[in-house]
Structures are given as structure tokens and as C-alpha cells.
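Next come two complexes built around chain A: one with chain B, the other with chain C.
Then we have the complex of A and B:
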């Protein structure tokens, strides 16, 4: 019997190869490393097989646990703040007249690299050379002049900087979704006599819900692995109060030079994140498929 | 309360190093009166030694700051004499350390010389990543017979360049920390009168930590943009390095050892260390409000702007501080020893050494360049461009002596502890632990005692059986 090859297979082969080369292969190397003592820290880091030793160490590493919790807290707070603010900004843009002008501005913060954003905020917050820190001090708000040096405010400041950078991009996405996905149905609801508030909460958010979930999920994953901002703004301090997971892994890999252990921790993080994403994304993708 | 073992240990260290420094200077002075060139020196020349390597390009990597810029500048002379090109790459301190390690460990071999902090030497040696200098020093084709590192360099070369009895590097610069103060303020008659009335003694640079705190309190005028002092409180290598000046001055230590390459009992949570840390934390009252996010870069910038009355700071930053184009206080600063604590004035000796990685593609040419850098004339040139010479004769040059900080630098070299920084492989990890612990204590996240107890336990975890806890936390 003559088999006609599915043309999609031919198109997919290069893509599959690319994924294998850039994702699967490095992960396999990482997995192999995680079972070794490979490192540059001392003469003992020869790369010998050590079994599950690194994983056992990771399970009892309280600094690692703390960094995971902080990364989770950072990602949740930043993502929720960004989603709420982005929806509000999207409403302002939709109801405004000069949408195109707004759209250009909204892309700006996301176009700047995270390192540059962090350096920019470092200067803004400096009590002697930055306007925010300086004026806070001048008005007697000493905490305001020490936002990065105080354990209580440093973490909140990192979240604020992240919100500043990413909220506009999310707003841009929601503006596009509003214009393409919800506009006609909202018009129909208004014709049926629904008020603007009812329309927004029942129709707009109803349609956008799965998209909001997916956008939020993507932001959560990215925020969870945030590295640049704490590295530049606080170095993880004071103490370990802003040492997020990525920064801790960097410390293990590039200060302790323990690549085997860092690889094991990365695999653990990857497993946790994959599980969370799978669980969280199923309802949203199902709804999008249905719609 | 003083540790009965630490004090004698520290005192012995100071005596040994101070004596050695003096002896070295004497030897050097004597050497000047002797015929320097021997028969072999008459035949050896840099040009002929470098001839086989003409056209080669050497790459050097290090921290991006004035001493490295000075090397970059003087290397043009070497290039003209030898035909060997030298490319210098500078990066932020921690980034430089990482790049060096990755380049060597990966076998990439981009760099022929690395300017690495000397307290990372044990790790490089234990990983067999740097070449010993022994073969170069004994090779008549390479060794300049007029160069005698044992006599020409400060004895601290043994700390900064030797490991396990083998020479691996030459000090790129010998750095130290001491007190910077606003001489114009300290000499102002009105300020002197006010200080006398308030504290009952003359206003002069602090001789001990009590005086230092009084002066910080006196000059602390945030509303006028002037702070009594400044501490480099960010969780950063700067914090670890600044803090140990206080720690050792108060009679504390991290490990109880006089040999930087040998382990000793863990004493970071000793009563002396607790007292040092409490005092250090107290200085936050007279520092800018966000001092806990400051490193040496902020310290220099604020001082250049005239906003700090006194601070403990590195001598390698003085070139920028005394440059009128970069600093508002050029010519207005004074320099003096670190205030004395219960254990006296102890100044940390820091800096980088030049090593040849095993992956170097041009190790012999690299040695020639390093050897040339250590010579008298290149050293003087580097010093005047912002270097901090490891060669005593540099400090006899009239132009160098005219630099306002030279005499204090020499005084500070003579008052140090031989093991304030360690060279064994775990040194950087211990520094990292200290940064976290002190940062926690300064920010009030932990009580000082609890933070130091944590540091002691972490260091024990890192060193294992190599070191014992002198003060087990549960007994404190």
C-alpha cells in the first residue's frame, strides 16, 4: 500500500532537531553533571560520579530552600501586581484617543535589558546621587533614602523595579487582546443593555481570563528565575534577604565553583517549575482551545 | 576580654612582617651601593631575550582600575623594546575573577597572564592551573640576572606569590587600607575650637577607635551633605575586606593562624570579633543612610564629592581622589594609620598578583613581561600612574615620595597581620560567608553574636576536619 507522507513531518523535522540541539542536549549534560562532583573549587572537583549525593545535599540545604521561597514570593508578588496594573493601563489606553502614541511608550521599558534597568534604578535610589533617594532623605523619610540597604524594603524595591519594567509590556498585550478578541462581543453586550462595569467583569474578563492566566504564567516563570536585578541592586543582601534562587545557584556555581551541586539544584528547580507550569497551564489552554 | 592565643599570635605576626619589611629596605639600600651587574648581566638584555618572541601578542586580564591602567600604559615601552605586543583587558573585580577561572578551567587559553587576587592562589595551585615560576627563574635565557625578587620585592611576595614553598606569581601591586580624612576640616580653626569645647581635646586624626567615633559624631551633618564616616556595607567583597581591619584591630580573627596558607581554629565568633562587629555596626549611625548598599565605588565617589569627613579606604583609589579633574577634595585630604584597637593598628594587605596560566600560549614571553614590570623604572612609572608598588626602591624615588599618601602607605605596610587574608583554596568561600554574616548583622536581621555563630558554623562546614571551632555556638 502506498503511504503518502504527512507533509507536516517534513516541516517539523528541522524544528525538532533544533529543540534537541538547544534544549534536550544541554539538559542531558546538566543531568550528567548533577551526578558528579565536577567543579573548580578544589583539587577534588574532578568530575567523578557521586550518585545522588548532590541531590541529598540539596534537600537539606536551607539556604537553597530560602532562596526558592524568596524567588516564589518575588514571582507571585511581581506577577500579580503587573497583571492588575497592566489591565488598568490597558483600559486607559483603550478608552484614550491616541492609542498609537501610548503603544510606542509601552514597549520602551521592556526593550531595555534588565541589567540596564537595574543600573538605572540603582542610580535613581542612591541617597547622594539619585533623585528618589536624595529627596526622600531631604524630606526626612530616611527609609526612603535607604530602600536597598534595609532588609524590610530591599525586597519590595526589587519587586517595584520588576513591575516598572514589565507592566507596560503586559498592558500592550492586553490592549491587543482587547482590540482583537473582546471588542465585538462587548459591543453586543452593551446593545443588550449591560453597563460598562458589568460588561468588563462578566464579558471582557471572561474572555480574557485564559489569556491572562497564560500571560501571568509566562511572567511568573520569568520572574521566578530573575537574576539581573538582585545581582546589580543588592547582591542578594542585606544578608540573604534578596538572594533569589538564580542568585544562589550562581553563587554555588561561580563563587563556590561547585558545578556538580549547582547542576543538581538546577534540575530540582526545573522539575518543580515544570510541574507547576503543567498544572497551572492545563485549564487555561483547554479554555482557549474550546473558545 | 582578649583571647590569650590571638594576641601573641598577632603580635608575632606584626613583628615578623615589620622586621622583614625593614630588613628588605635595608638590603635594598645596601644593594644600591654594590655593583649590580655581574658577568652574566653584561651579556643578558631584554631585547635579545625577547627576540624569539617578537611579533607575539600577550593578553593580560585583571580588575579594571588604576593599577591595571598603569600597566596598560607602561606596556607600550615594553612593546617598543621587545616587539612583543601586550593587550590588557579589565573587568569589574568579581567578574574578572570569574573570567579568569573559566578561561583557565575551560582550557580556552585566551590569557597569557592573569592578575588575580592573591587570596585565590591556593585554589588555582591546587587545580594545577597556574605555572610555577621556578623554571623561568632558573632559565638563564629568561632570567634578568639583575632581578632578584627575594631582595627587590617586599617580603610580602612570599604571601602573595608563593604557595607550598613554590613561587607562582609576582605581586602586581601591594594594596593596603588606612584612614582618609578631610585635612581642610581638621585644620579649620573654628572646627578645632568647637571640637575642643565639646570633647575637651584637640581635633586631630583619630588615634584609637573611641576618638574615631567621636570625630564621626562631631562631623556628622547630613543636612549639610557631610557624613561623619562611611562604611562599605553592601554584601560584596568590599565589606569583607573593610571589616577585617576592624576585626583584627580589636584582637579578633577568622582563623587563628599566622600563616595565610595554613588552617587554624575558627575564631570568627570570639568575644573580640563580637566587640569589633558591634563597633563596626555602630558606625552606621554616622554613615549615609544607604551605606548598606555601598561598595568601594560609592565610598570613593562620596569622598571625591567631599561628603565624608573620615573613612577607612584603599590606597589604590588615591590616584583618583587626588586628581583635581575627578575630585573636589584633591589637595584637601590627609592620610593616617588605622585607629588602634586593643590589638593595635592593623592594616590589611590586599591586591592582585600576576600569574601565568597553564593554558598560556606564550608563557616564556609572559614571564619576560612580568619580570620587566617588576623592574625599578617601570615600577616608578606605574606608581605615578596609580599603581601601588611591591618594590621598596619605588618609594625612594623623589616623585613618589612627593605623593601625599606615600609615607602613610609605607607605615601601613609595616603594621599588618600576616594572615588577614588566606591563600588556601577555600579562602574565597570563607570571604563569601563573612559577607553574608556581617551584612546580616549590620542590617539587624540577626544579632551580632548570632550572625558570627552562623559564620563559624558555615566555615566549619566548608573546612570540615581542617579546622576546629574554638567557640562552639551552643556554649556561647
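Then we have the complex of A and C:
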């Protein structure tokens, strides 16, 4: 009995055990796989050590670069549209009547699974019996089978579906923040004679700023690794016009069965993502702490 | 009151119109799918499309009578239940430890948990697939259960921490002074009053597991597939029974939609408990 251990440490043991078995161990296996040619696709996939070969191949893989850029473009476009629209909707809700019971329904699109969301939209966009797809076809908005089958419109359609899924939840978050954080200070600014537009851009957005960047950051990361909706809606097509990063990794691993290479690409992506998030989150969390 | 009146009549009217448009845009895709699930096979393929001509329950009857839909529903329940159980067993005590240890520790732990949460799913799916293939356990639902537990654990820990922050610390300390061991004190003094936390964490983890697609599609064999994996596989280029597909989808969104309706009411319940704790702390 030289040192009495903090009894509270024992409460962390189950979580530590679970993380060790389901996160740390698999991650080490992933690192090891990334230095091998392990795979099920060909006779060469024996699992022997190949050094940095997979990483070198990844750095010069233009399909990988394309999928990364597409994922970045998708994430930025979706996140920005969602933030702007959500702020607008929050404003509409706030200035409406003070009956907020129906606000719960703003969580609906985010509460149902991405697969269900994708399915709803695939149905709506069907060229013959989907209302949007049929009328879009009548007006000649696209070439090919429907909005998802035209390389010119598929990407934008995918972003639209993501916007439908997440904007209402963000709007709800902003409504709650507006009611709890900014309402009283806005009233003070109004009493001092500031007009509604000035108040909004100087006071409201000033207070919401750090929250907007935090919500935007989380949404960006989620959108960057998006898999479910493009998988169900387009499978990455037409061509590779909607093949986001996750879909390309999935294709290398579970279509080509090239596990060693997929592991190396995954490590690269995770490294990029962690760096980006760490760099971006330091100022964001600091601002919220200060306020 | 005076300040609010500054909204002009024009702005109020357009805000109301905007709210109606938002509500329509949110509801339209769900309503269209619901209508399709109530259509006969012929009506579902009508072109130009019609909303609903002759409603029928045939699609739902087919879903409930067919074995190939009952198995995935049971799989979804099984994966959700066991992964939630793991999350509760590991997450509640960890959330309590976070709550007791102060802000700095919690921040470091939070950032590392966030690192898990925002990893591309492939980081875990790939090695887990290889490990469980080697172990010969890749036809069970065990890998999916473990993965859902792993990615939902950060949320379970954080929700529990937020709840435990509101509990008086002396509950636990008094129990230790009475001679309980730490776990005994936790189980006897903390768990009984943590029912709202258990309920909230349990519901959230279950729904996240219920909705999850990537791990479920990569790590299950044909017999182990949950609903989220079966539904997209029913869409084929050779013809899709949209009525049946939408029917099973509508059934699969009942739990999340139920939570969207129940959520605020649960929150009120939690707040009620909260005020009781404030009373005690005084």
C-alpha cells in the first residue's frame, strides 16, 4: 500500500478495454497491412512485406487524387450551402409565431438513415414515375436517363440531397442558439437604435461565429467521408463523376480486393483529415471557451 | 414585446410563407415514399406520376409475411441491442470518471474520442474484415456489433458526462465513506438515479446503430444483413418493386421518427430530474 490509486481510474477500464480491442488493435493491423501486398484478388496478394510501395503508388494515383478532390468539393459545397440556408431558415422560424412544438420535425431528415434518404430521392428522381425526375425530363433539364444519370447534373443533385438531409437539423441548432445566446443582446442593440439588418450582421453573426465554424467543421468532416448516399444513388457514376474518396477506397478494397493498397490510401486520408481538423479546431474551440 | 413589433407586416408574411415552403420541402420526399408504399404495382409505375389513386396494404402484407424481410429486421434489432449494451457498459462509467476528473482531462479525452468518431470508417472496417476472416467469425454479426459499439462509444461517454456533471458528488463520496468499494458505490448509488441518462444514451446509440450502413454492408454475410443493407440491394436494374421497397423503408424509419417526436418530451423529463438535483444540492 505505497500508493493508493485513484479509484476513479477503474471506471475508465471498460472503455479503455473496448477501445484497445476495437480501435487500437485494428489500427495497428491497418498500419501493418499498408506495408504488405495482402489481398484476395490475385495470387500475388500473399501478404508479404513490400515497404513503402503502396504509399508511393498512392501518391501518383490520379484516380485517388480525383476522388479526394471530389470529396473535398462535395464537402465544401454541401457545408456552405447548409450553413447559409440553415441560418436563413432559423431567421424565418424565429420571426414566426412563438409556437415551437413543430420544431421537432426539423430533426426528421437527419433522424432517418442515409439509406432511406437516398432511397426517397432515387424514387423522386426516377425518370418515369418520380415526380421530380419526370418533370425534369419533360423540361429537358438533363441528358441521359435522369438527373443522376447525367454527368453534368449528378454531382449537384447529390449535394442537393445532402442539403435536404442536414439543413433542417442545423437550422434547429441555430434556432436554439439564437434563443439562448443572442436574443437579449439583440434586443439591447435594437433599443440603442440599430436596424434589424445591422443588428443581424454585427451582433448576431458575431456571437454565433464560433458556433457556426464548429458546426461547419463537424459537417465538413462528415461530408468529406460520405459513402451511403452516393453508393445508393449513383454508385460513383456516371463514369467517376460522383466517385467520392470513400467510394474509391471501397472499390480498391472490396471490388479489387487489394487490401494492402487500400490500407495505405486509408492511412493517407486519415492523416490528412486529422491534420486538417486539428489545425481548424484549435481556434474554434478556443473562441467558444472564451465566450 | 415592443422590440418584436418592429418586424414589419411584410417580413412576417414572407417568414410565414418561408416556413410553409420549408415544411413542404422537408415532408414531400417522405410523403411521396409513404404514398408509393400504399400503391398497387401498376400505380407505382404510372407515368406521368400520380400521388395516390387506389390505396392498398398489399406491400406491407408482403413485407410482414415474407421471411426475407423478417430476418433483416431481427438482425437490425440484434446488432442495435448488443452494440448499445456495450456502449452503456463502457460509456456510463467512463462518462462518470470524466465528470469527476475535471475540465482539462475531459478536454484531452474528448479530442481523442473525436479522433475515433471522425475517422473514415474504412480505418476500422478494413482491418476488422481481415481479422474476422482469419478467425472464421465473418459470418456472425459480432464484427458489426463491435464496430457500432466502438464508433458510438464517444457519444455515449459524452452524453453520460453531461448528465453526471449535474449529479451531486457527495452521493458517491458518502457511499465510499460507508465502506463501499468504488464499483459498489457506483452501482448502488449512481446507477439508480441515472435512469434518464441510460435511457437517452441507449436510445441514441441504438438509433445510430439502426441507421448505420457502411460497417453493416462490409462486415455482414448474407444471413446477417440488417435492414439498411437489404433495402438498397432490392433496387436492381432488371426491375424494382418500389411498393415493397418503400414499405420496408417506411417500417425501418419508425424508430427514428418516433424519437424525433419523443425527443423533446424526453428532454423535458430530463430537465424535470435536473431541477430535483438542484434542489438537493442547495
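The working rule: the second predicted complex is superposed on the first by the 254 of 291 C-alpha atoms of A that agree within 3 Å, B and C clash if a C-alpha of one lies under 4 Å from a C-alpha of the other, contacts with A are read in each partner's own complex, and residues count from 1 in each chain.
Operating definition for what follows: a contact is a pair of C-beta atoms (placed from the backbone, for glycine too) under 8 Å apart; a residue touches a chain by one contact, two chains touch by 3 or more.
Remember, predicted model here, so these are calculated numbers, not experimental data.
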item: Partner chain in contact with A:240 - chain B first, chain C second, else both or neither; value: first
item: Per-residue contact with chain A, leading partner among chain C and chain B; value: C
item: Touching partner for A:257 - first (chain B), second (chain C), both, neither; value: first
item: First (chain B), second (chain C), both or neither touched by A:9; value: second
item: Contacts of A:146 with chain B and chain C, given as first, second, both or neither; value: first
item: First (chain B), second (chain C), both or neither touched by A:129; value: both
item: Touching partner for A:273 - first (chain B), second (chain C), both, neither; value: second
item: Contacts of A:214 with chain B and chain C, given as first, second, both or neither; value: neither
item: Chain A residues contacted in one complex by chain B, in the other by chain C; value: 128-129, 254
item: Contact footprint of chain C on chain A as seen in their complex; value: 7-15, 17-19, 21-23, 25-27, 29-30, 33, 38, 88-89, 91-93, 95-96, 102-109, 111-124, 128-131, 134, 164, 168, 171, 187, 190-191, 196, 218, 221-222, 225, 227-228, 231-232, 245-246, 249-250, 253-254, 259, 262-263, 266, 269-270, 273-274, 277, 281
item: Partner chain A, residues of chain C touching it in the complex; value: 3, 6-7, 11-12, 15-16, 18-19, 22-23, 25-30, 32-33, 36, 44-49, 86, 89-91, 93-94, 96-97, 100-101, 111, 114-116, 118-124, 126-131, 146-147, 149-150, 153, 157, 176, 181-183, 186, 207, 210-214, 218, 228, 231-232, 235, 242, 245-246, 249, 252-253, 256-257, 259-261, 263-264
item: Touching residues on chain A, where the partner in the complex is chain B; value: 40-43, 45, 125-129, 133, 137, 142, 145-151, 233-241, 251, 254-257
item: Residues of chain B touching chain A in the complex; value: 98, 101, 105, 123, 126-128, 222, 225, 233-236, 288-294, 298, 301-302, 305, 307, 425-426, 428-429, 432, 435-436, 439-440, 442-446
